[in-house]
Amino acid sequence: MDFYYSLAQIIGFHALLGLSAYVVLLTGQVSLAQAGFFAIGAYVAAMFTVLAGWHLVPAMLAAGLAAAAMACIVGFPALRVRGLMLVIATLAFGEAVRLFFFNFDYQVAKGEVKVGPLGGEGFRQIRWFPEHGWTGLDVMLFVWTVVALVAGALWWLDRSRFGAVLRAVGEDELAAQSVGLNLTAVKVTAMTIGGFIAGLGGAIYAHYTTHIEHSNFGVLLATFAIAYPILGGLRNVLGTIVAVIFVQGFLVEGLRFLGDWRNLLFGALIVLAMNLRPNGLIDAATARRLARLFGREARRA
Amino acid sequence: MGFVDYVQAIIDGLLFGTTYSLIGIGFTLVFGVMHKINMSYAAASLAGAYCGLIGPQMLGLPPWSVFPLSIVAAGVIGYVIYLTCFRFIPLASPLATLMSTVGMLLLVDEIVVHATAGMPQNYPAIYDGDPIELGPFILRADLVGVFLICVVAMAVLLALLYRTRLGMATRAVAQQPVAAQLCGMRLQAVNGLTFVVAGLLGGVAGAMIGASVGMLSPLIAGTITVKGLIVTVIGGLGSIPGAIVAGLLVGAAENLFQAVRNVTERDIYVMLLLFAFLVLRPGGLFAAARGRD
Amino acid sequence: MLEVRGLVKHFGGVRAVDGIDFAIRPGEVFGLIGPNGSGKSTTVNLVCGLYAPTQGQILFQGQDIARVATHKRLSLGLARTFQNIRLFTNLTVWENLWMAENAPAHRAEAGFLKRWVGGRGNARERISQALEFSGLAHRADDLAGSLAFGEQRRLELARALAARPRLLLLDEPAAGMNAEEIAQLDERIRMLQQQGYTILLIEHHMELVMAVTDRICVLNFGRKIAEGTPAQVQADPAVRDAYLGTGA
């Protein structure tokens, strides 16, 4: 049973990562910086619970806010560029964050041992869950409560005028300006919201794995982040969550029997999927077919 | 560390920077004709360099055979990437080729890890003569060799682009794809050839990186990818002279950072350099005065 | 209402607009015409802020707006349509109109939160009116991209109106329309003028321009070559030369 609890937790924090990229992608920005925000969230939350002895929930909020603040700061210069230049800029930012943590030492003596991040060694002993006696089931329920809250908030946001504004900016920046939308404000807001969500995800990840190091937050993770919403389609948050379940539950766990070959298969599958379905697994045509199948939500959604 | 050491660091950086220039040119060439970024390019170039090792390690060929084999292999890989990640994917979907080449990057990386069991592989140096002394400065002979070979590769490329029919076709497709097709140029053929040419250049770069570092390891693919992209951006997307200058700049800057700080912090400053360029000169080094579109 | 003084825009070495002056009075329909490449579209893009002028002033209700950000010009009361329709094709017709709800009048009616994250409730009435006016009420929930060409043009106009502008910039609204649709457009422009809108009309279709405008400014090679009532402009020899080529 513990295996399934653990898998559900993995799917949970990857869902947060995917949702953070989803918000940003709605405005037409492809950001490879989400892994960086995720890393900031992981380190900040772990430092609060381990070094400062905070409860997990306030530490998570602090992690989300720190990542959001960073996203907001990065948002402004990054907005001067778009398209491929933005991809490269955010990729470089993500790498800069990773390298920062590669060089980041901040150890504090706690009883016999020293704890805290230690450069390339990483940050060990993030044991808030076991120290407070949480079982796998407790953790899983907690993670999915957070995912449900975030997904619910985004669902509601998607249906508000703000959601339509994000999509409008993503579709045609020129027209959006001409109807009075402030591109900078909209894009930076999306980036900030995305940063907050990624920070929450990172906080959960750090406490799930108990040991984080810089190499966890590389280009691969950044690719996963944008792959989820792209695979799931940008019609609503559910697509992203379905994509996470498909990738983490089926591709990563389901194919574990392939051993090392699984990693080879993963890259090949992405290439194949893009050749067969360049607009995502659930593109507009599929969505219409599904809608007809279920008979409702045919137009909206 | 005195002034002399810093100048020495810059000299070494400039010599090694030519490999970054080549990688930057490869990204820029593909961008020029297809307006897409091939994210797997740097990894594929290094994979070509790995393939070169098959010669001496498995076929018993002399050590120098690595270099031509690397270059040819990278050219072939370039064409394979064109076929798998570009040929059959509609260019109108902006994210599709980005994702497919990222997938290819992961695939190429994994194949290399598999084939080498993740172990670093020794790579022959291009030349092991005595260092050349220039006053207080020392030029490492192998780096000078790397520098010269990269410069020759660039010269060949420029001659190809500006002196031959193929080059003219490439530039025509880059500027006006529809008109070029109307003039009887086969778009697919030109695109495919561009990937082969970029691949050959990448093979040179990959081999020279291996030769100057002394080994290849799977860890460097990510770093080279990011640095190649940085060079491309600083030089201006699509600009070959820009990529050359930016490669030298990044090479010199990173070696200087390394001398002033240390090797683990070096790359952070390179990323910050990129951000500075994005804010101050988003169009790259040689961009014309910026329009609003 | 809108006054342009000594407006100049260079692109590299090309003088797309080379010192234009004109003034639009409140309540009038003002035409801007000229052969292809005469600088009409550049002028519109300067007025609505997509380009920054090289030189010159753009006065809107007495305020120089040449350096005001594009999105802020809308809240000053300046809305436009595009020559090559630019709708949000993956949003519904209703949502396209919802986007334009950013003018000061809307701000006064609904607070920040209500405007941005509130539901559709408080915008419903206004948007139904706009839908009625443009005859799109039955397609409110369809994606804008699925509309027929003429419907897309009407929606774009409705979206500009939803921002409650004082001055409306119509950039070649008749392009690609058939005779019947142009007749409807003619009627709609007159109706808007009666409702008190001031309109700047850029158009190639001479019959329409001559029928609906009060005054016309003619451009050629980035300069103004004539200005006056339709009758005056039609009689002007410089205008004939510009359109027919400088024959003898």
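Letters are used for the chains, namely A, B and C, taken in the order the chains are written, and counting of residues starts over at 1 for each.
By definition in this document, a residue touches a chain if its C-beta (ideal position, glycine included) is under 8 Å from a C-beta of that chain, and two chains touch if they have at least 3 such contacts.
For clarity, every value in this text was computed on a predicted model and none was experimentally measured.
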Chain closest to the middle [Cα centroid of all protein chains]: A
Most distant chain from chain B, judged by the mean position of its C-alpha atoms: C
Cα-centroid distance, chain A relative to chain B, in whole angstrom: 30
Geometric centre distance via CA averages, chain C-chain B, whole Å: 48
Chain A and chain C: spacing of chain centres that average the CA atoms, whole Å: 42
Shared interface positions of chain C, touching two or more other chains: 50
Touching two or more other chains - residue numbers and ranges from chain A: none
Contacting residues of chain C [partner chain A, same complex]: 48-50, 69-72, 74-75, 79-80, 82, 86-92, 95-96, 98-103, 115-120, 123, 141-142, 159-160, 163
Chain A partner contacts - residues on chain B that touch it in the complex: 31, 36-37, 84-85, 88-90, 93-100, 102-111, 113-114, 222, 225-226, 229-230, 232-233, 237, 264-265, 267-268, 271-272, 274-275, 278-279, 282
Chain B-touching residues of chain A, taken from the complex the two chains share: 30, 77-78, 80-81, 83-85, 87-89, 91-93, 95-96, 99-100, 102-103, 119-120, 218-220, 223, 226-227, 230, 260, 263-264, 266-271, 273-275, 278-279
Chain C-touching residues of chain A, taken from the complex the two chains share: 156-157, 159-162, 164-165, 167-168, 171-172, 174-183, 299-300
